[in-house]
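Okay, so chain A shows up in both of these, paired with chain B first and chain C after.
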Partner chain A sequence: MAKNQVTTKSKQRNRNNVAYLFVLPFVVVFLIFSVYPVLRTLYLSFTSYKGFGDPVWLGLDNYKRVLTDKFFWRAFGNTLKIWGVNIVVQLGLAFLLTIVFSDIKYKMHGLPIFRAIYYLPNLIACTSVAFLFKTLLDWKYGSVNQMLISAGITSTQINWLGDVNIAPYVISIVGAWMWFGNSFIVLMAGVQGISTDYFEAAAIDGCGRWTRFFKITIPLLKPILLYTCITSLIGGLQLFDLPYLMNGPQGGTAGQPNGVLQTAVMYLYKFGFETRQTGYASAIAYTLFIIILIVSIIQFKWLGKED
Partner chain B sequence: MNTVGYKIKKGILYILLIILALLCLLPFLLMMINATRSGVEITTGFTFIPSSHLKDNWEQLFKFVNLFRGMGNSLMVAVPATILCGYFSSITAYALAMYKFKGNKLIFIVNVLFMMIPAQLSLIGFYNLCMTLGLVNSYIPLIVPAVAAPGTVFFLRQYVQATLSPALIEAARIDGAGELHIFHKIVFPIMIPGVATMSIGAFIGNWNNYLTPLILLNNPEKMTLPVMISTLNAATDLQSNQGAIYLGVAISVIPILIAFCFFSKYIISSISAGGVKE
Partner chain C sequence: MKLKKVVSALLVSTMLLSCVACGNNNKNTDDANKDNNDTKTPSTEAGDDANTPDDSADVTGDGKLVIWTLAKDLETFAEKYMESHDVDVETVVIEPANYPTKVQTALNAGEKEPDIIVGEPQMLEDFFDAGYFEDLNQAPYNAQDYADQIVDYVWEVGQDADGIQRAISYQITPAGFYYRRDIAQDVFGTEDPEEIGKLFADYPTILDTAKKLKDKGYRIFASDGELNFFSGNTAWVVDNKLTVSEQRHAYMDLCVELYKQDLTAYAAQWSTPWYQAMSGPVPVLTADSDVNVWDATEFASATEGGATTEIFAYGLPAWGVLTMRDNVGETSGKWGVCAGPTYGFSGGTYIGVSANSERKDTAWDFVKFCTLNEETADWWIKKSEGDTVSLLSALEKHKDDGNEVYGGQKLYSFWLEQAEGLDYSVVTRYDTAIGNAWSNAITAIKTDEKSKEDAIAGFYDEVAATYPELTIERE
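For the complex of A and B:
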């Protein structure tokens, strides 16, 4: 009996050793391609590395430079502006749709087909979306201006991507067009997880649609809302593909017109891969990360309190 | 309840929903129509009637880029990356969920931590590493990292815990099955719905990825579809014929539109699943 127990135990130990073999490929690749690059970027951010030769240690100089670099802060501001308008439109639309489809009085049909169509733009590569809209919004020959003029909505061509006062919001709207379907699905999945009993009981008690929305839907959706806000902020501050391809006649990191479409990651890309000030670009990456971290924690506290 | 006012309001809601759906589809429709029109026709105005210049546009476009080559390249990256991601994420998730070993918790925590880290943080270090290893213009850095996909591992670990009964594994062990054999013959088949969900997402992500191939691939022969499409920006002789540009975008979009018709149900359930986890 005792001997039996010992062999069972050693068998168990052998068995659990097999698990090391199972996780080994993951751990090796993870260390090489995920952990090392992140640490390498951190190290380079303290050096004057230029893409070749030996990195020279600079201490915090790169970070001091980032903090006083007015072009970095301009790019950061641009990103916030584009993201801010984008998220309001995107989440607003997703919320409205969620209210419509979860309404117990109207009981709207066709959710699967509408949801599929609204989600479709998410699947298209950002590069293709960027080109499609860049061409459709061309101020001289684009279909959008042609349609608006023939419908009599405007008499002159609108320079969608060339006017400094319009271009950032055009990017926001194109982004919202791409991503609202995703927010809608996530929010809708959350609402479907809420028992309809709550809504019906509230309706019997005489609560209107908006009261139900603010008193039941929003509080119960809070974890999902938090998840959506944080992922959207992390995604939003990384905005690159759309503005990089849609700005100016040929795209690029300049963010034409007048640099209003230059986002923080475009600025990072410029130093990291064009002018090859790798060390400085690394410091930009980490500064952005620290900002994202702080904002995420604030969001977490702010949305997470009241519990 | 069925008053006239109620019906009108409901009708208005449907109309608004349909308008929104049309706004989602209209750009694709305009794209396809304009792909058949000549540059001159496009400058004169828009129409919903297709024209006859598809062939001219096609010839002009393919003189500049071979998009089918780009599609082939994208497949060469996305297919192996998806398979690696599906297989290795499952085996890792299974080990983390069902075995007790030293470091299990640590791996899980670091995994979750890396789910939160934005990609731009590793971008420069990643490129630097690829230069050191001589992997610029190679598909290896686009494929191999798929072995370690933190989001997929996290999701599948939850999935295993919810769907796999430890008794089933015990029974197989009593029958004398080896551990790897148990994974391949019993665990993996049970995990397939979860793996399929994550694989669809992984495939789309790899197929559409732009920034990483942009920094790594500068040989035109090797460019994936999104990078190839982005080179249209610099094609000044194409800029004079917007029809060819519309066609280029259309060729890159249509395979996804077709795939979506077949897979939309799975794709949407995968996002719902991803969003509900807290």
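For the complex of A and C:
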């Protein structure tokens, strides 16, 4: 009996050891390439490190500087503005398509083809998208303006990327065009996971399309919506590539015109890689991380409170 | 169970082996190099005549050289080098935006490769401070002995704050205005570079020139970025204090007026229309213009009606010779180059030896091959079809060479003259960020988004936020 117990324990221990060995490669890679950089960045955020030499400990000075740096907050505001419009358009478009494709009355055919087509912009490299739209939206030579003028919609060229009141929203729309296919697929998957019995029963009971949408689709899609909103927020607050490439004549971190296209991560990049203030850039990164964390928790609580 | 254990053990061992192998990569090189003492101590005698090609062939080492560059030129140099040297050169071209980070990461980690690293002027100060570039003044390099062979400003750019030579460039990059001789003749009655230079002598004069050109149906510039290389010949930061000279203000006023008075063609720099304007007419574009440049018929009728214009000048550094050459099309031969309102320069690839390299001998030989060898300079002038080298003897030799694109103008002597006027002491590590902030202020004024006072106040705020260590006295 005692011998059997010992053997069983020994087997358990062996089994556990084998499991550790299996996860070890991932854990080691994760520790080296994810955990270490994160902790190192945290350490650097308390120093005046410039990318070389020995870091000098500054305590909370970098964080105080971030909190009082109005240009960081301007960049953060720009990010929210661009992301806010982007998410409304992106989710709106995705929802609209989801409604159309999931409606039991329409019974749309060819969903996989449309899904692939809508997803295509997501597959194009951001650099290509930026170059394409920068060319199309060129103030004096862009074909968008030429078409608008030819169609009599406007009599003068619109400075899409040079007007401070227009440029942020142009980035939002281009971003929405790029990413709505992804949201559509996620939402569609969520809708397809809802049993058609609910919709049929509701239809028999005389519920209209909108009632079905708001009373059945939306509540049952809540987890998916939460996921989409949080991932979009995290991605949105890290927005970098599109505005970086599309601002000013040659792109860059200045966020032309007049800094309205400078996002928080572009601001971080300016300090991390252009002015070589790695310590301060690390503090900006952690401030952003904390903000994203807080907003994500709020979103979780808010969207998940009725569950 | 046994199989699982074996598989997992194999997986782990493979991973660990990979890690160890990666980590030992340089050790293997170390071992290889231990067998060859010459590779650690450069053997090239100081003061050798670098212009003698034979001396560069006397290279020892393990027969390999690794170059990390941001300019593709070095690939071509490396190929040429391999023709006459028994060295296998591996050239890695890295995009300029990523270059500093890659070099920083590798050298901070103590990597022995690359052996050759490069930098553009705005990167060098940080690289020098970090100690990435080998001290070339020490024996056996004794780079200071070659100082009089290279254009002065290039030599200075390659020095650290203590005057120690750490990098040398094979090219000079002073800026000038590339102008259309036929338009100059039509509007100003002369095409002589000296005379046309007077039309760009200072910022108010450039504004007058622009107005005269517009009156005759031309535009002075394709974009309003043509003055970027002439934005001021004063230092932004002096003794840790932000300095905004009168010249900077005059430059700001000129940029605003050029924009507001429709004196440029509004083509964004480096965009397709900007290049197109080098070869012929482009539509006259004002805030009210509505010519469809994509519609060939409409474009043709607009041309007939005189609704197009031609561009008079482009402001570019010496490497612009190559940009223009590839885009001027039928206007080839009608161009000239003249001086701008200030001396300016931009770019240039500075080559040095990595302080971590274990092939410093070969690396220094390669640096000399690219920068101090007259045969290489002759070859490069021919190969690049017009790049301007930094080796004085080569410039002297080619000073009478005419360039057909520019009406036979002797460009090498012109660029040398411009390079001699450069004052490198005005260049600081702060220039890019402060220049961007000034540019933001200019944009805000010209688009009427802010008054001049508010825009300048915003500029000071931005600089203060970027460089809290600077003393800022507001106007």
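Rule of thumb we're sticking to: the second predicted complex is superposed on the first by the 287 of 307 C-alpha atoms of A that agree within 3 Å, B and C clash if a C-alpha of one lies under 4 Å from a C-alpha of the other, contacts with A are read in each partner's own complex, and residues count from 1 in each chain.
Just so it is clear, contacts are C-beta pairs under 8 Å (C-beta built on N, C-alpha and C of every residue); 3 or more make two chains touch, one makes a residue touch a chain.
Everything numeric here is computed off the predicted structure, so don't read it as measured data.
Undergrad: Check the residue A:P37 against both partner chains and state whether it touches chain B (first), chain C (second), both, or neither.
TA: Only chain B; A:P37 stays clear of chain C.
Undergrad: Taking the superposition as given, does A:G259 touch the first partner, chain B, the second, chain C, both, or neither?
TA: second
Undergrad: State whether A:W139 touches chain B only (first), chain C only (second), both chains, or neither.
TA: A:W139 contacts chain C only, not chain B.
Undergrad: Touching A:I234, do we find chain B (first), chain C (second), both, or neither?
TA: So A:I234 only meets chain B here.
Undergrad: Given the touch rule stated above, what does A:I292 touch, chain B (first), chain C (second), both, or neither?
TA: Only chain B is touched by A:I292; chain C is not.
Undergrad: May I ask you to decide whether A:R65 touches chain B, chain C, both, or neither, giving the answer as first, second, both or neither?
TA: It touches chain C, and chain B stays clear.
Undergrad: With both complexes overlaid on chain A, does A:V164 touch chain B (first), chain C (second), both or neither?
TA: It touches chain C, and chain B stays clear.
Undergrad: Chain A residues in contact: does chain B have more, or chain C?
TA: B
Undergrad: Once the structures are superposed on A, label A:E274 by its partner contacts, choosing first (chain B), second (chain C), both or neither.
TA: Second partner only.
Undergrad: Output check: A:K50 vs chain B and chain C. Expected answer is one of first, second, both, neither. What do you get?
TA: After superposing on A, A:K50 lies in contact with chain C but is clear of chain B.
Undergrad: Counting contacts the way the document defines them, which residues of chain A are shared by the two interfaces, the one with chain B and the one with chain C?
TA: 15, 18, 22, 25, 29, 135, 138, 140-141, 143, 146, 150, 249-250, 273
Undergrad: Can you check the complex and tell me which residues of chain A touch chain C?
TA: Result: residues 14-15, 18, 21-22, 24-25, 28-29, 50-53, 65, 69-72, 135, 138-141, 143, 146, 149-150, 155-157, 162-164, 249-250, 252-254, 256-259, 270-271, 273-276 of chain A touch chain C.
Undergrad: For chain A, which residues count as touching chain B in their complex?
TA: Residue list for chain A touching chain B: 15-20, 22-23, 25-27, 29-30, 32-42, 44, 93, 97, 100, 105-106, 108, 110, 112, 114-121, 123-128, 130-133, 135-136, 138, 140-141, 143, 146-147, 150, 177, 181-182, 185-190, 193, 223-224, 227-228, 234, 237-238, 240-241, 245, 249-251, 265, 268, 272-273, 278, 281-282, 285-286, 288-289, 292, 296.
Undergrad: So in the complex, which bits of chain B are touching chain A?
TA: Residues of chain B touching chain A: 1, 6, 9-10, 13-14, 17, 20-21, 23-25, 27-28, 30-31, 34, 42-43, 45-46, 88-89, 91-92, 94-96, 99-101, 104, 107, 110-111, 114, 116-129, 141, 144-145, 147-148, 150, 153, 173, 179-180, 183, 204, 207-208, 210-211, 215, 225-227, 229-230, 232-234, 239, 242, 245-246, 248-249, 252-253, 256-257, 260, 264-265, 267-268, 271-276, 278.
Undergrad: Over in the complex, which chain C residues touch chain A? Could you list them?
TA: 1, 4-5, 8-9, 11-12, 15, 97, 100-101, 104, 108, 126, 129-132, 223, 225, 265-273, 285, 287-290, 292-295, 432-433, 436-437, 439-440, 443-444, 447, 449-450, 461-462, 465-468
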